[in-house]
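Provided herewith is a single structure, encoded as structure tokens, for subsequent inquiry.
Order of writing sets the labels: A, B, C and D. Residues in every chain begin at 1.
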């Protein structure tokens, strides 16, 4: 059983582990790197790499989402971001790419995101992505799902991502009609990805809503302040492993329905990606790491969608860095930098080879060591 | 049972946890933030938020204590501070607001606090606070309680706070007549809050004195040096949870007397407040965080009352920072800074909503993870 | 039983704790600080405070050793230091007080300590200390004990301190006649203090040699490099508690012989002193902290005797700081600095009062918390 | 049994320990440092110290390998390094010794190592080392072993080191004919050292291939980025102890074949060397520490062979430091620096003496404490 600690008389806490707390231990045969596959499939959609773009305006525009799709990943556009609030947000993105760190940046984010969402722009953005080819996916918050879903569905997306800081299968409200995820998904005929969540129970309940994928984690990165603001911190290794247990139990319960886990948080390097998959994730959602490619819409600056919240922002603005290379180089190399930020999936592939695994599903069984 | 470690042959230590060691885990339904209440009541006095002002001259003047009361918290004035030593301490506060860090600041604090306490000023300050409206509370040290109580009670306060570094129910002295808290409280007809304490036994004994509230912790903050000077360090998560166990046991023992726990220490952000309440506290005492509001009497500088001790100061002087906003903005937002120092109780409310709780008493059951 | 960890298959390690890992938990009555005693007695020699001066030339000269004695502690002069190598080392000490950190300082220490020891100077230094009044104690290394003891004993000291990095009751050599501590001590009629040692077994064996006191620890301080050079690191809380267990067992074995434990290492502040005594030490040996008083012979610079080793120095040179105050102020206050470096034994006394203890022997039972 | 942690439901991790987590505890007799031996023997080759040079071009040239041999260690030249790609790499080494940290350095390393290996230069380098006298050893990667072995063997080396990031006894490939280590070694009549490996099973399998020595670890140093790139991190204390268990089991299984363990990683100081041997290693492989001697071929700069990988470099370039002394002084002192980087094996010898051990094999039983 898991380690449960009594932090005081009668009050317990589960012990949780971060990706930084663990490492991979090669302990069997090794394998040729050319014999290793990183392919992934969600519902009917095949991907060359298990990579989902984080629906922040700093990483995902209609253009960069298409680019990621062409390179074998899944781009996701936020339909509550700048592209659906402004006819042409490029000037704003350019301005946002040149802010300094600090409170003034947060204030400016709050301002530009106070513009209302224009439904007709949702349709327009989906059309642009559709034209670009590849799988089309957008993100909507649970609060706005009921209002925006008709427009989104009319526009014709392939995959719908319903993502908030914490998404539960049961949202209680005395004022608004809350979203009933299970009924909502049952009525759709496209795959839905929902989250984030941080524990076994919520993950299992989200699976039972019929979601094709569940997002594990809250998008924690070096700019995240969720812990300072809400007291909530997600030990990702534990959260992923617990959600993987929910996936197994749900698979058993349904006699074979496999729900994909997409890890979202504390992912900076190819090593982190390998660890997240080794803990049981099926794919990773990359935010800040993708802001370092030349195609990034905000010139290398980074902010999480929660950073622009009007009265309780939960993430700081990260100033733009010089791009490390093209999106292709970021994903597939060659790397001319040894820090694990380039050749993200070449690094994953090599880690799998050093441990002797052939594909991602096998690699979820890799040995781990806890050493911090 | 709690983890007891043998640090050497035959010498054991309980394992203790800080608020930084734990985090909140949402693991059930979510709830609309508008359906969440942060109201708190101590004895007959209702409060909109579970917030007690730390009786340091850096945060609590008659004016700012009233302001906190108007905003729904409980202001507490130190009757052994500058306001009862000086007819008009504003010039001194202004000077203290401009000191530099270091030994010279400590020396200056020692000097200004060497002025004797003038009982007539106690009456005057209580009168000022009474005129401001709201609940009137003052703090006195256990050493001076017997001497100053008559003046305080005559002046007519609502709540008396007896607070020292460590307050026990049994103080032993061969020279002075020590304060017998139980008898003292029995003779009063106003609620008494007493502390700080750091463990189950002392908390239980303080409850048995008849106190309406018990302070848990020693006001630890980034400027505290209690550990360096006395070797005493309080792991707040453990101290609060242990005191909460004492509250349960005392509730059972008395067939229903509920003593409130006020956490005092290691509280910087809304996330810290959420964690302290999640560990079992009923309210928090805020010192340094309130020094960051425009109403702070020392212009943003901070010092703990123990920092001016004449021969063994136990806290350093913290230089003034620019205020982050008004007291109202600090407590209720909107925040334009993502670090958790603004919108302190809006952050708490949102944390409760993410975890699906309606009120503070329910929220004491929130799930915790230990991840450091 | 103690926590034994298997670090790899079949290889175990005891878990050890530093003074920094633990803290004192007040958990009973409180007591008037004036009712608390810090007195200590070693053999026939009474002391007002449990304080032994570290026999480094940076802290202990004939003059400062006498000064410490007058203030109620035990000064110890190193008879293998500068005072027995030079007729008048004041110029050298002055030069050493002005070195810069780094390799050049180490080289200069190696040079000045390469001068041979002159036995007649040992007699002279003892005479000077004797004239100063108080208890006279000197330190000799185990390697030189047989050679130097006759001179030392002729000169007439009260207490002999045999101290090396690691002193065992059984030193093996195929070349020299090794010191047999048991026989050596049996032949003396003055109390011997021996060490350092770091574990139960060595402590017990040293007790069985007839030593009146055992030094626990290797004098670790921020300038120590014993771990880098030798791989040896002493978790002081564990080492003291283990040696205290040896003291109990030896007391039982002998039907009442009480051997005093003198903690030497990781002691910077009054809080550290309180923790060391709370773990079971009878007294503390202070090196670097005493270098901060005006009477320090090297003007505030600090080096451990091992820092001048001719081919394997194990400690860096610490540049001189401005003195914090007189030796009296350092020991007894008043403090005008809140960091625990002044009023070292006033801080100890107050810690004892907060925990309700009357004397040092009682205080060894104080409650501890492990919180790092 | 070892501590196995459930990091999430159903997913476990072994707890691993770094050399920094442990320390040596002297707990028995002490011994004269002159009675201690550090001699080591691998197959028929005796060494004065258990020191193997890391086959990086930054430390091992034909010249410095010979120098290390003369001083009693084992030099190893990388036959896939600069000396077999360039007729005379001294100008390149000189250029590389003057690079700045960062991406440009990595790019330059990638460029100079893109030159093809010239087999005739292998023969030439071996001849140079043979002329220098002493034991001749070279390193080849597992990928190139089959291709380069004939040339190497013809040239006449004494010991062959087959070293890659992770070397397993069973490499799987669908494209190339993989190296079958067992058959390869069986056909040779010279001792082979193989690795790195990080766990019991891989170590045991490598022993079963007939290797005379097994390398434990991946050469981790402050410039290594293996964790960021591959997610693999080696807790060396655990890896060494586990491999030592494999050595014991293999000794039993074979009725007496003793395979030597060479620790490669996290070794900076004499203290680290003592800890690695105390965990069960027979010898250490030193990279970065040897780059600090005057004989270092790249003037004090340091890079691991993996730092020049063409598309996935896994190590950063470390700029040149001033040499600390000659190779002799680095290995045997005298030290004029107390940080444990000089007199590496004098420090080891003294650590053994403080713990009362006579030789390296005995010292593997030294007591350890876990204290971080």
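Here is the rule we use: contacts are C-beta pairs under 8 Å (C-beta built on N, C-alpha and C of every residue); 3 or more make two chains touch, one makes a residue touch a chain.
Per UniProt, the chains are A, B, C, D = IMP dehydrogenase.
Since we're looking at a predicted model, the values are computed, not measured.
Is it true that over half of the residue numbers where chain A touches chain D are used by both copies, so same, or is it different?
Looking at both copies, the contact residues mostly diverge.
Can you report the angle of the rotation that maps chain A onto chain B, using C-alpha atoms only, to the nearest 5 degrees?
90
Centroid from C-alpha atoms only, then distance chain B to chain C, rounded to Å. What do you get?
Chain centres of chain B and chain C, defined by C-alpha means, are spaced 40 Å apart.
Can you work out the whole-Å distance between the CA centroids of chain B and chain D?
Computed value for the inter-centroid distance: 57 Å.
Scan chain C for residues touching two or more other chains and write them down.
15, 17, 238
In graph terms, with chains as vertices and touches as edges, which category applies: line, ring, star, complete, or other?
Looks like a ring, each chain touching just two neighbours.
Output every touching chain pair, sorted by label.
A-B, A-D, B-C, C-D
Along chain C, where are the residues that touch chain B in the complex?
Those residues of chain C that touch chain B are 1-3, 15, 17, 21-32, 34-35, 200, 237-245, 248, 268-275, 278-280, 333-340, 343, 346-347, 350-351, 354, 356, 367-371.
Taking the complex as given, what residues does chain D use to touch chain A?
Residues 5-18, 103, 106-107, 110, 165-176, 178, 197-199, 201-202, 225-235, 238, 307, 310-316.
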